[in-house]
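Next, two complexes with chain A in common: one pairs it with chain B, the other with chain C.
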Partner chain A sequence: MTALITQAVILGILLGGLYALLAAGLTLYFGVMRVVMIAHSAFLILAAYLAWAFHRATGIDPLFSLIATVPLFFLLGVVMQRFLLSRLKPATLTMMSVLLTFAIALIIEGMLGFVWTGTQRRISLSYSTASLEVFGANIAVVKLVAFGLAAVSLLALYLLMKATSFGQALRATIQHKEAAALLGIDTEKVAGYGFGLGLATAAIGGTALALDSTIYPSLHWHWIGPLMAIIVVGGLGSIPGAAIAALVLGLSQSLLQIPLGTTWAQTVFYLALFITLMVRPQGFFGGRLAQRF
Partner chain B sequence: MKHSTRRSVLMSVDQAGGTSTRVSRPGRRRAALAVAAAGALTLSACGLGGGGGSSAEGEGEEGDEGPVTIGISLPLTGDFSEPGKGVQRGYEAWAEYTNANGGLLGRDVELIIYDDQSNADRVASDYEKLINQDQVDIVVGPFSTRLVVPAAQVAQDYGFLFVEPAGAAEEVFTQGFDNLFYAAPAIANDHYNYLAEHILAMPEGERPTTAAYASMDDPFAQGTAYGLKEKLEEGGIETVADEVYPPNTTDFSSIANKIANTGADILVGGTQYQDAVNLIVALQQLDYQPRLAAFSTAPTNPEFPEAIGQTDGILSPTGYTPDADYPSNAEFVDFYTEQHGNPPNEDEANAWTTMQVVAAAAEANDCADPSPECQQSMIDWLRENTVDTVVGPLSWDAEGRPQAAHLIQQWQDDEIVIVLPEDASDAELSYPKQDW
Partner chain C sequence: MPNASDLATPTPTAPDTGRPDDSAGERFDRRLGLAKAGLGVVAIVLALMVPWLAPDAFILSVAVVIASYAAFAVGWNFVGGFTGYISLGHASYSGLGGYAVALLTTHTGINPWVALVLGAVVVALLAVPIGIASLRVRGASFVIVSIALVLILLLVFQSWASVTGGSEGLRVPRPFDSSVLRPEQHTRFYFLFLVLIGIALVVWWLIDRSQFGAGLKAIREDEDKAEALGVPTFRYKLVVFVISAFFTSLAGGLYALWFGNLDPVFQFSILTGSYMVLMSLFGGIRSLVGPVVGAVVVGYAMEVFKAQYGDSQFHLVALGLLLAVVVLFMPEGVVPEVLGLVHRLRPAATSIREESAAQLLERNRAIDAERRAQTEATSEREPVEDPRHATTGKGRS
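This part shows the complex of A and B:
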């Protein structure tokens, strides 16, 4: 029994790490722009497909596809923000952004199906099944790699936000856009870069996902729900909040699978969402921003 | 697609009235296969009859002019896209083969295929559309129980015969359908019968004592796993894990964790394709080594060995083997292999079988049109008769259950061989299985 639980805790933390990275991007969009980005998980799957296609075409480790996909997704994010999302009326921005990004998600899904068909794809690596034994529990190498990617990216994101002047400008824009503009920050530009940053996390997350999971075009629908729940629980706009909520919920999901089974364990995200909305609608960590919103 | 010189006849009127205009068979079309995109064109092909040209061969003299249109909805995308496409290849191969060999009742065969995206609502409306708008002559089934049941209901409402390649779960046969026939040797719960017998016949010390089951929340997948579970439990083999997961599950680490923790001797997966691969990889990561592992469907997929690496010892029930010496099988395998470069597997064979069954019913009754008389006569005929197919002679009970059993195959030295029953086997079942 202890072995079972130890293993579940380890799997939960590894899963939570991946959730944390993916949710970080999603909450960043909302923080910077009040945009609900339904297409975030579609970009995730797009990145996963690019990693798979790269591996299939070259035989090189899919992690190297990040060299191209991260800058590409950053640029895509900037372009998307500049030419699509910033054109929406501020008064209805949140609502309309749902529709707009929903459409983008459908376009990505359709294109993936068109180009690579609906067939399930999986990257087959020499280390796909390798694992390390720690305290009697097995840790799959691919999961560890995915977790490492997530941890490094989150740390980089954190340092970027805290220690650079761009990060300061970004945080200022998140906290109070008008005040930031009065201080001379080009908030439009900052918002564009912020959006690009969010999409870059999707590139990393998607590649991490592709290492250890089959992918197919409509897979993103299974990801967006839990991710949305995580950012609400963590407090909209708060990156540390999203990371903590992701770890807690990932761990809960993994542990709840033992008594409840896979089907019911999934509901933990939505239960957490309902409870958050009932007792602390601003989220458990974000606080101020969501309250004001 | 349409020859403009032909005389037009309003075919739907002919069909409704049960009469036929004597028109000779048009020259064979080069592109006899219609895919979903050609649906609109096909509609016009249904409405227009041929005229002039050479006289018809054989029974075509009496038949309705124009091609026999066969309507199908298949899961070409979504959860069942992998087997769905296999079924599509089988149907299309049969149509090409038939058209190259004199057609059905002397008429060309044309397929109208829609993609239902593995969606049970979509599949019902697809068949409504095939019957009402496209006015197809015959419908045949989609892939998987979850889609077969709603599809069969539509066919039943319109009085259509419904032969299907992949609705094997018990649910299919308890809905009160009187138009349905499953074109494969056995229903899901009986797939593992030979394996159950074999395990229970093992000597006391050697026989496994515990079993873990993991199954997709899907009637077919669960049917196969639970059919075996029931028999093994009766034989005294203890169930130590019984996991059910939703079809969209991609993360199997927790399920694998629970199964690995039990250390069960036998692992049974009620699986389709990607779930089996993900589950096996997750179990490999946890270094769990069962003594016997059996999965439905997935191990016969051509991509399976590459996806999981070490396949040796993995068992799978199959309703089909390309090596079987049933009369029509060699022709099927040769034709298919020539077309695709590899021999057909079970999905393709089941699709081909479905068409063989329909064709036999149509030929015996000398009709292939949507009229209730024709459809009913085909249904009645199949109730009474045995059809020779590529999976062997098939006959059905009153609910449409086929009356035969599945073969058990095993991966050995990177090849898949039949191991049970012994009188049809190519090799002995290897037990315990090699580590994966």
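This part shows the complex of A and C:
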């Protein structure tokens, strides 16, 4: 029993790490543009498919696909921000951007199904079945790799935000766009890069996902719900809030799987979402701006 | 006479914002009203004749599907059109409506039509706590909650197989006995959907003209200002949310009775919800007939697309592209755009189209300036100095 719980705790933390990275991406979009990016998880699945296709075509470890997908997704994010989202009217931006990114999610899902059919895909690697024994719990190596990838990316994102002048400009843009512009920051450009960074997290997360999960085009609906719940619980716009909520909810999901099974355990996200809205609509770590959006 | 009055009231600042007593404009309005009424009558007659115009049962079933889309879109538009809260999760209410009818008829054996209304009432009651939770947040968070609701219901209805049948599906008893053949069933359900759409449109129209409707539209324009002006925003939103859930659930229940089988994957599908949004947006969420027009055009296009290319993944791409185009290029919808074009032809248009705060301000300013000019003119009675030109020239800059 204790081994089972240890395993659940470790798996929960590993899963929470991936959630945290993806939620950080969502938070970035929201921070720079006040946009809720429904297509985030669709890009996640797209990256997973690209990693899978790369592995199938070349036989090289799918992790190397990151060399191409991360810059590609970054560029895609910049283009999306500049040519699609900034075209929307500011007054209705929040609602219309949700619909626009929803449309993008549909297009990606449809294209994935069109190109690679709806068949379930899985990458098999030499270390796919390998596992480590930690405190009597069996932890798959691929999950550790995925977590490592997420943790390193989150750390890199953190350092980028805290230690570079671009990070400073990005944080200023998130905090107060007009004031940042007055200080001479090209907020439009920074917002574009922020969007690109957000999509880059989807590229990394997708590759990590492809390592140990079966993927199919409509999988993104299973990810967007929990991710949305995480950013609302954490408070829209707060990266630490999103990370903490991701770990807590990932852990709860993993632990609840023991008594409830995988399907019902998923409801913890939605329950947390509804409880948050009833008790504290701005989220548990959110600032003043959260409730308005 | 009309010419004289025309000459006497030129509007130099904004020529397209004339006054309602403008006679040329009145004539135009009368003609436009006639044209609208004529178009409406033609549309209604055509809609009523569909069962006789349809060449076979399949086309008739497509007509029923489109009618159901229209009923969903009109139900959605209560909350989307009035308050501007875009719910992507209205499939929750249509799905719940369907299951409510199915479960009520199979377990209690009551008349399916009573079950339909009863089920919708139950769903409306369920919508109260959901509304209280989700209407506390605005914009994006509201959309997230609406999507989450569909996902959670999908999860519950798939897992709770002992009650809902799970992925096996749940059979809905037929409301008409087996002597009624398929095409006749289609015809009957088609008219039932038309009746439902008619009732929903009348309710929408009544709200649109009421003080309640004005409050809701104030919420759409600026919720904080509306609240400051004394609109009980939360109560208004909640009431219209429940009305919307009621009508959507009626449509869902009717669809369930027609289709005869329920599968959670299709009942609680985000796609169903996005159809409602796309159709309403396409037609124009601020107009009465917008959602119906949108449902007919988009629904027809979707059905043709499915017939041509099969129910493949590719229709998702088409749906996505269409939604993106609507959002990017005509967020107001087709009906208001067309009406706007027609109004350009008007000699001096009044605002039948709803206007934004900026437009209203501009118009009020023009009226204000004119009134001031008139009072000055009556008090001074100096024909030499035209006060109207004085105000437009230097007064308001």
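Keep in mind that, in the parts below, the second predicted complex is superposed on the first by the 290 of 293 C-alpha atoms of A that agree within 3 Å, B and C clash if a C-alpha of one lies under 4 Å from a C-alpha of the other, contacts with A are read in each partner's own complex, and residues count from 1 in each chain.
The working rule: a residue touches a chain if its C-beta (ideal position, glycine included) is under 8 Å from a C-beta of that chain, and two chains touch if they have at least 3 such contacts.
Being a predicted model, the structure only gives us computed values, none of them experimental.
In the superposed model, A:A229 lies in contact with chain C only, and not with chain B.
In the superposition on chain A, A:P217 makes contact with both chain B and chain C.
Which of chain B and chain C touches more residues of chain A: that partner is C.
Once the two complexes are laid over each other on the shared chain, residue contacts for A:Q266 go to chain B and to chain C alike.
Touch criterion met: A:G113 reaches chain B and chain C at once. Contacts of A:Q257 after superposition: chain B is touched, whereas chain C is not reached.
With both structures placed on the common chain, the touch criterion links A:I104 to chain C but leaves chain B unconnected. By the touch criterion defined above, A:K143 lies against chain B but remains apart from chain C after alignment on the C-alpha atoms of chain A.
Of the two partner chains, chain B is the only one that A:S131 touches; chain C does not reach it. Applying the stated touch rule to the two superposed structures, the overlap between the chain B and chain C interfaces on chain A comprises residues 113, 117-118, 217, 263, 266.
Chain contact summary for the complex, chain B toward chain A: residues 76-78, 81-82, 85, 217, 243-246, 248-251, 253-255, 257-258, 260-261, 273-274, 277-278, 281-282, 284-287, 306-309.
Per the touch definition, chain A reaches chain C in the complex via residues 30, 34-36, 38, 84, 87-89, 92, 94-100, 102-107, 109-114, 117-118, 217, 221, 224-225, 228-229, 232, 236, 263-264, 266-267, 269-270, 273-274, 277-278, 281, 290-293. By the touch rule above, chain A contacts chain B in their complex via residues 3-4, 7-8, 11, 14-15, 113, 117-120, 122, 124, 128-131, 133, 138, 140, 142-143, 212-214, 216-219, 222, 253-254, 257-258, 261-263, 265-266. Against chain A, in their complex, chain C makes its touches with residues 84, 86, 88, 132-134, 136-141, 143-145, 147-149, 151-152, 155-156, 158-159, 270, 274, 277, 281, 312-321, 323-324, 327-328, 331.
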